[in-house]
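So that you can tell them apart, the chains are marked A, B, C and D in the order they are listed, and the count of residues begins at 1 in each.
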Amino acid sequence: MKHEYVPSQYFRTIGSHPAAYEVTAGEQIRVHCIDAHGIDGHDVQVCAPGNPMSGPIAINGIQAGDVLAVTFAQIIPLRTHGWSYPTLAGNVVDPEYVPHLPHQPGTALPKEYWDYDPAQQTLRSRGTFGQVLTLPYEPMVGCFGVAPDRGEAISTATSAAHGGNMDYRHFTTGCTIYLPVFVDQALFHIGDGHLRQGCGEIGGTGVESAIAVDLHFAKAPMARIQWIRAEDAQYLYAVGNARPLDQALQHATSEMHRFLQDCGADTHTAAVLMSQAIEYDIGNVFDPAYTVACKIRKEYLASHGLRSSFRNTMG
Amino acid sequence: MKHEYVPSQYFRTIGSHPAAYEVTAGEQIRVHCIDAHGIDGHDVQVCAPGNPMSGPIAINGIQAGDVLAVTFAQIIPLRTHGWSYPTLAGNVVDPEYVPHLPHQPGTALPKEYWDYDPAQQTLRSRGTFGQVLTLPYEPMVGCFGVAPDRGEAISTATSAAHGGNMDYRHFTTGCTIYLPVFVDQALFHIGDGHLRQGCGEIGGTGVESAIAVDLHFAKAPMARIQWIRAEDAQYLYAVGNARPLDQALQHATSEMHRFLQDCGADTHTAAVLMSQAIEYDIGNVFDPAYTVACKIRKEYLASHGLRSSFRNTMG
Amino acid sequence: MKHEYVPSQYFRTIGSHPAAYEVTAGEQIRVHCIDAHGIDGHDVQVCAPGNPMSGPIAINGIQAGDVLAVTFAQIIPLRTHGWSYPTLAGNVVDPEYVPHLPHQPGTALPKEYWDYDPAQQTLRSRGTFGQVLTLPYEPMVGCFGVAPDRGEAISTATSAAHGGNMDYRHFTTGCTIYLPVFVDQALFHIGDGHLRQGCGEIGGTGVESAIAVDLHFAKAPMARIQWIRAEDAQYLYAVGNARPLDQALQHATSEMHRFLQDCGADTHTAAVLMSQAIEYDIGNVFDPAYTVACKIRKEYLASHGLRSSFRNTMG
Amino acid sequence: MKHEYVPSQYFRTIGSHPAAYEVTAGEQIRVHCIDAHGIDGHDVQVCAPGNPMSGPIAINGIQAGDVLAVTFAQIIPLRTHGWSYPTLAGNVVDPEYVPHLPHQPGTALPKEYWDYDPAQQTLRSRGTFGQVLTLPYEPMVGCFGVAPDRGEAISTATSAAHGGNMDYRHFTTGCTIYLPVFVDQALFHIGDGHLRQGCGEIGGTGVESAIAVDLHFAKAPMARIQWIRAEDAQYLYAVGNARPLDQALQHATSEMHRFLQDCGADTHTAAVLMSQAIEYDIGNVFDPAYTVACKIRKEYLASHGLRSSFRNTMG
């Protein structure tokens, strides 16, 4: 790959920081990312905890008002282990169930470590807290986004229209994400790699590790969007970030209705089809803003003569 | 089948109404249900709209404090068509997007009809509102439950710990649902058949039709539960009903943590596994109470020596 | 007073139960109520806990579709003491603050007793948990309502359009409450007396006691309402019951906009005035449904030639 | 006054921007502020709309980790008129009521103007939308705060722990606000003056105008706080900013429980007193984050020997 970016500094906000690396729309780049606690692939703490981001990457050919398409071509683990918290967050259970959690919210949490087995493509917990568990290796990117509007610098603990800490398990290899662009060159940030994560990130972490991500950038053939969209082999997605869940879902559902109209559906067709065919995923229900994805199978669009992909015409 | 129940009256609350039919735990029964608007399989309106229920069915051998297992053995459509609303509900989109919906909330809504093709196993809309659409036939039961606690009679518009109008698309053929029992004989109600439905029931309806459901009742080998649990071939489920979504999710997540302990996991193992392996579905985000399901693949339990089914030991 | 009703049985749902006492619109009645735990004025437990209601009282001259006006003419304590829980509810604090509460949610709670001093018009806690505290005696009625629609019998733990467990401190002496009527004779229930309560009932109780309430019933000169309205010397109120708070507030705000139009304001005037003049109270943020009141000073209506009371024309 | 600051530039985020003016703890300063749309006291648009802030003001003697006390000594209108929107926001009414609002959400809104009468101390609307209305002049400051943690620059549309767009009508003359300080010199921002506002800012605006504010800064005698606290002649306040309302209330309630312990109450006393004596106000229910204040009368603290003010010992 022509471009490989190994950061020497990190940001804990996504904002209009000075560009750390520059590419051009149509190009690929491999970006190295440390984990959510600032620990790199050699187990060295190189930065304070709190989702430190690699970037910003400035993308020539992308301007404010455009939609940026970012494809995750490959996710490469930079360590053979990751860690997770061995409890559930206080806000994902009933208030009266909080005293029954294995660790109380608001206290310092220990880490359960997981080992990555490349041959089996599995993660195996060490069983420090409870049984040894073996689950499939399914890496994903927890946090990424572009510089937000009006000069904001938004903490990487949270998310909004610009992206951020969405912790959505389907933001993984093979996914193309469409982001609204607020500043020229977009200023893309990325980090918070997970070797796996359940829906909702309900323990407050995935299996946290350092990763490298191969990214492909393009200008999407799409007019202004209000919330992040995405596609992979099977689905189109519209993603809302807000608290409470109800509002994140409202954002995602409104955006999907607009998205389907961009696919050629009239307003009635979009509504009738959504009513009977959409699915929702909960990205995270832990961070200050929650993430809800509204998705629809591409086959339901293609079979009705509607556009089902926006990737084929991109550079 | 020994038992077949064709009601002559219906209830629009789930409560301690006089038993309409009596069976014994271990038996099967076929129950006929009219649609959500009170229209039967012959297109005759036999009851006022509002999710009229067939039942209550009294189950001998089930007592207050037990857990009732109900298996949906088969769902049979009683009409070759169903109907849905051709818009999205006001509460599932952003307030400022409401004016862009094809029909305004609070107004009388027309119906889009869908025809069922048994050969293709599809539903085909008539295209009165937008394009003709063809989607898979995937029938489900929108509303069912047992008589609630303390003598309540709860509207079938909504749901709570006793069940009710959950509108969850995975409550379908092959699913066994575990309900907390509050009164002797449980007093089971059922109705609101859908020939298909997207997640969330975001238009306010599935494809509404009259159906018959073959049910099998048993006493579940489970101590007191707080929220509905379920299992099918692939998943174990814990289901929370409440508004907002956040609280429905808290109920479901708390119940899953208890469920996994009933499967043999210790509190840490249950939390670590849930963190990295659960999935959420949104049953409905339309009714007065919303429904969220927290589910986990049975294979993740079985592979770790945990119990993954409660069906095998039932009568 | 002509009518005095001392119940011999109580209901823990508000529903279409057989009338326990009958009056006619325009009449007054004194109703005796036991406390939320079923304990009467002689400290005898006469009923299971859970907000047992006195009633239903059938009111001749009131029909389904009418609006019932109930005035609380006087509240009389039937004991010289009351009790409250000495902690805060889990759902009113941050999840991570739950471990810092003096008692954990989900555990059995002890009671702090308070003595009523009629001379000083104060309540004085006994200081079993923390300091002795002295606060003004400000009695109120926690739970009341009419039989709901479609045959529902709704738990007195919660509230809805029919009233119920609203726990709103301004439902007190001198207040006239307007309730939508769903069944002939309205079937009014009342109970859950508090000698005082902070906003939100955030500990789960007011100062709970047995009380008698002098009620005056009338047919309100008002067309169909969707949510409870009220008035006292200073304010007009619109009250929404729902969870979350956001939805309770939406109900209350919508109803106030309709209320002001019944007062003679056009839609713009109502909106402009509300924007700059309404106040919100949180009735309770503890029960399954929360209660929010939207209120406006009567003087702001009268000074603009708008109707500011609906009491003067009632029988 | 020694210090008077008339800005020549404005920020639409609250962040670690270069200090625009410098004072020392213990000093007063008069700060001029333009209105929410960037219009100054001469009706000249000097900045883009969106709550442009005056500042940041650097306060010598205040360091990260301190608590900053800001007293609003005086609010001076810089125009004799203000403006408001003549409708209600879409999110404060039921979704099905949205079509009944005088203007639809998401559309460009006209302005209703109000004239300030210094003699009468009133505001009088011009009646362009509905009737002419006269309401008391009750000026307040909609948006102020200190530079947030971890280098964030947060939009002045919203609010968080650092303050921001709280739109709380009791942040007015005579109020002392206690803010957590995240960076040395605090970097205080202020703007968004309202000549009056109802609770909730439910139309999306108060009566918006340019104002000057006389501020007094001091180091508060208080250890680290998590959410803003305040006091005026009658009340102590704890203020939570979040969406939904439920979470804003949780923040405020948790902070009040801590605040009362700083006043000398033990955990039980704080809980029992709060249960029976606190009141809630809704600051705003319009902005991306909502604001809820939990308040308690100072007399209830003083009468029990608890500290009821933190102003007397400040420089």
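Everything below uses one rule, namely that a residue touches a chain if its C-beta (ideal position, glycine included) is under 8 Å from a C-beta of that chain, and two chains touch if they have at least 3 such contacts.
Please read all numbers here as calculations on a predicted model, not as lab measurements.
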Handout entry: Contacts common to subunit C and subunit D (chain labels)
Key = A, B
Handout entry: Chain centre separation in whole Å, for subunit C relative to subunit B (CA means)
Key = 34
Fill in the blank from the handout: Whole-Å distance, C-alpha centre of subunit A to that of subunit B, is 32
Problem - Inter-centroid spacing, subunit D versus subunit B (mean Cα positions, whole Å) - result: 47
Fill in the blank from the handout: Shared-interface residues of subunit C (touching two or more other chains) are 91, 94-95, 97, 100, 244, 246
Practice task
With chains as vertices and touches as edges, which is it: line, ring, star, complete or other?
Solution key: complete
Handout entry: Complex contacts: residues of subunit D adjacent to subunit C
Key = 84-88, 91-95, 97, 100-102, 112, 123, 125, 129-131, 133-135, 196-207, 244-246, 249-251, 253-254, 257, 265-282, 285, 300, 303-304
Problem - Contact footprint of subunit A on subunit C as seen in their complex - result: 89-91, 94-100, 104-107, 244
Problem - Touching residues on subunit B, where the partner in the complex is subunit C - result: 11-13, 15, 50, 149-155, 242-244, 246-247
